[in-house]
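Two complexes follow with chain A in common, the first pairing it with chain B and the second with chain C.
This part shows the complex of A and B:
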């Protein structure tokens, strides 16, 4: 192994295919998007260089702020529900005394493998204002909280985010469960001998030791929230009006509906920068020291 | 040694990036697209294919429901007899605001023949991706077959022909269930206030007053246009062409009444999430008293509801306005139909096919689909007689004073998207007329800014 790493030519040859693929599928599209964001272009015809005018216009566009806010709300819901509930379930299932763990593990992961269209259709039925399961439950328990979940601008984005959180919660559960199971059992035995309760043991042993996994989950949840598109496309098509737009949706609208491809690229650039910033902050704040045991 | 290696690795990385960019970069950069397509469009020596030789053409057309499948199948069956050497490869049109068509144009992959209309003609025209048909061989004959009242569907505002139309000036109609109105003692409304009253009565009887498929944003736009045309005969066309503002009296009134109707519970819950099938089903099964759709709904409504269904003139501001404006319709036609790619390898044949198919579409719609509202004159024998609702409409058509516009005939893409969003918000009842007017005035300024 050491001999190979010292052989510079071998390193270059072995990394070249990966570099090529990475450049073609990541670096090239991002750099062309940056380049095109400086043009007034309808996506087909002649382009006019306008430097940063697209970005200036963006700052005066109400839809930009709606989209930005929706992306952040979406990301926050994913973080709270996917990682929060994922953690609780992972801790519960990792308990040796719990019966039926196999069934639970499979059940939690099933939504992840379902098609997003199927999941959205399922939840569309559940959110139905007249006959949907959720409103029926409120009705049965005597709470007058019937809502037009997807047509009310105050609930629509939250309702859509819950669907995504529900579907991919199992993914985060699996990662966290695997991390918890990798913690040596004798750590907990020592804690028990010292008189620590189960909750204390999790707070002082489990959670600090799986911070690396949390970093990964957090990055996925935040980036997924900021980039959200498919759920709203299927469930509300961005509506009512533009109330459930995200930056991805806004970029599509500009590029393909209003013939402002350059403007759409500018929105995409902001999205890329936003996601990069979020990733940097997460990397800076979470699990700064690598824990080995 | 370490530094030299780092430098070499750096150079390799840069080379890889540059190489892959060059490899990925096609000639379709913003500037070069136009030059290449321009060259193709302006070239005069088009490749002509003798009629006898087998020709395969790609066609991009609607083929999703009975109303779009039937004319296509009819035209293809006729083509097999009249143009046996031509084979068409169908690429089904996506309901995606022409995103797919624009992508085809941007990548130089436009089908030989494609459906176009509204702002897409202007977009493709600006980039030389649509063939001007003025001097093409079949045009003179096609023009002679046009209905005089439908010439606006052939000639673009620039005075040129970019598509062979098949649809005439189609209309938005407000359908109603006569039995439900009689059963609950509701008068067929002639004013918007009576419509609000009717909505309240039907709601109290657990009947949806008006089912609307507002997941498709054009329906909300059409309802707004129906209201606006009570006071402004050209409706939203005036806003689209930047000749009016949303704060003008007619549009402010339309927004106010739209918001009032939504507040009064005119639409079913979750209307902005309801698709065509769901809304239509509510009406056809007697769960909704009214339904808003184009005149193409007549065939289905008659088939499912028989003589229980009729359409009404849209209610006016007051009784006098009702009489004055009852022949102002929302809808109308615009330039559109089958267009041809200037880059087609079989351009002449593609033009011939576009004209032929458009003509056959109109023939099918007229003789078998019960609609006389087509672009060209039809001499073929009738297969099915017009339903009573269409007979009634046919009597009104000669008296029509003006048309607003269908959403898809709007020519300013930015305005179109803005009014789609704003009217969909009005449907929810959580958006005021003042907000609508303010947002739309701003959108109109943006849509016309250079």
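This part shows the complex of A and C:
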């Protein structure tokens, strides 16, 4: 038995394909990104080592600050809408006396399985200034609140973030719902005897118990916001002007459109560092809260 | 008196939540229904006469022009090819790896497993720029492989995570008795382990299929050849030529969404489990 499960040849045959593909397609490119962020390079010709000049230039680039801000705004909208609405819906659906649970859960989750292209174009049509669903609804109710949602500087990034929030709310809902369902019923008995309202019981019992799930939801929503790309690419292509750029958008734009390969890599490096910091902060915050309960 | 007012308050809370649940039901579903409706309307009906409701008569010609003018069958076919090979490749490679990591004895097996699972934490934006160059140097850009190989690599971490957890939970006596009967390690893997791990395989298949079918960013960056574009690329009407034929667009988007929605409705439990299974470990 021992001899067989230590079979060296078998171990190699089993593990090498995975390790090879992963190393070539994921790990090698990552190290290249970090390495090339110190070069001035167009991706084809001779590369020139310029150390941290790319990062210095970044700090003087207005688009960098717009992108940074948009990533944070995007993340904030996702956190508030997805986790906020997801929590309320998950708590309400977990009520045992509720009818039509299955229908509600299915409806909330369906947008998650759609392609991002379909969702973005569907919302482009909903946002359409003349014929879009949203302006039509305003018209129907009698409010003259015609808006060009995506070409207005101040609303564009919010309008795009709402689309992503709409699509993936069901994902957060499902995670939170599963977590709430896993709490044993007897946790609530004492609260019920004391006559606490359901909202109070949830605030003091349910929410603290599912902090781990919140940690994951937060990490996921924040990462989704900071790394946002496809949504703006499809809906505004970064516009109006550069108002809906994000770091990923800026990085790919530099690498693939303007042939500043090294600069694009530098932006990607900043994005990774930003995402890592966000994860650390979230872990800190949620862990600290858990101790107080 | 006190009790009555309390029950009233509870009732009110209940109703408030119920209304909220059904309002969000409409917000979540109506845009999709609206799309399905206008896929059967002409512009006149969409814009003026009947923007919200059920189509007055079914304009099936939208679906005909979706298949003829908009090349939807080609994209559909490409999506199936790419998703199929991504699923098969990921499952095969990750299952072999997970078996070795979970049930065989070798040095560095934990290091190797953690190395593989790292992929879950890596944003694609740090991979894509050098990867596009790598694929070009390997002369496979603008082929199916330029999508399939990166998709396999990106999904392996998730598959390993699930398979490893599952494989660790099976009793080791199973293999021991197979070895005593004289089976070698390959045979044991194939005829003892694979049948047991089928539920986990099903979960991973659904997850990876969804990922591959809907993947956009890699495909958009790496593929420019019309004839191998997948659905998420083929449906990009607003980039490039602007179309004013909403009905036909709606038909294209409805056709593209249909398989996913059906898969979800049929396997809803499994899809939800597949989509959320990573959360336990990832967070």
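The working rule: the second predicted complex is superposed on the first by the 258 of 293 C-alpha atoms of A that agree within 3 Å, B and C clash if a C-alpha of one lies under 4 Å from a C-alpha of the other, contacts with A are read in each partner's own complex, and residues count from 1 in each chain.
One rule holds for everything that comes next: a residue touches a chain if its C-beta (ideal position, glycine included) is under 8 Å from a C-beta of that chain, and two chains touch if they have at least 3 such contacts.
It should be emphasised that the depicted structure is a prediction, and the values quoted were computed from it without experimental measurement.
Once the two complexes are laid over each other on the shared chain, residue contacts for A:259 go to chain B alone; chain C is not touched. When the two complexes are overlaid on their common chain A, residue A:237 makes contact with chain B and with chain C alike. Once the two complexes are laid over each other on the shared chain, residue contacts for A:45 go to chain B alone; chain C is not touched. In the superposition on chain A, A:272 makes contact with chain C only, while chain B stays out of contact range. In the superposition on chain A, A:121 contacts chain C only, with no contact to chain B.
Touch criterion not met for A:188: it reaches neither chain B nor chain C.
Touch criterion met: A:212 reaches chain C, while chain B stays clear of it. In the overlay built on the shared chain, the residue A:197 is in contact with chain C alone; chain B does not reach it. In the superposed model, A:138 lies in contact with neither chain B nor chain C. Contact comparison for chain A: of chain B and chain C, C touches the greater number of residues. Shared contact residues on chain A (touching chain B in one structure, chain C in the other): 8, 11, 19, 24, 28, 36, 43, 124, 130, 237, 252, 256.
Touching chain A in their complex are the following residues of chain C: 6, 9-10, 13-14, 17-18, 20-22, 24-25, 27-29, 31-32, 34-35, 46-47, 51-52, 93-94, 96-97, 99-101, 103-106, 112, 115-116, 119, 121-134, 149-150, 152-154, 156-157, 160, 175-176, 179-180, 184-186, 188-189, 210, 213-214, 216-217, 220-221, 231-233, 235-239, 246, 249, 253, 256-257, 260-261, 263-265, 268, 271-272, 275-276, 279, 282-283.
Touching chain B in their complex are the following residues of chain A: 8, 11-12, 16, 19-20, 23-24, 27-28, 31, 36, 39, 41-47, 62, 124, 128-130, 148, 150-153, 235-237, 239-243, 252-253, 256-260. For chain B in complex with chain A, the residues that touch the partner chain are 5, 8-9, 12-13, 16-17, 20-21, 23-24, 30-31, 33-34, 96-99, 102, 105-106, 119, 123-124, 126-129, 215, 217, 268-273, 413-414, 417, 421-422, 424-425, 427-428, 430-431, 439. Looking at the complex, you find that chain A touches chain C at residues 1-2, 4-8, 10-11, 13-15, 17-19, 21-22, 24-26, 28-30, 32-33, 36, 43, 85, 88-89, 91-93, 95, 98, 103-104, 106-118, 121-126, 130-131, 133, 136, 140, 166, 169-171, 174-175, 178, 195, 197-199, 212-213, 215-216, 219-220, 223, 227, 229-230, 233-234, 237, 247-248, 251-252, 255-256, 261, 264-265, 268-269, 271-272, 275, 279.
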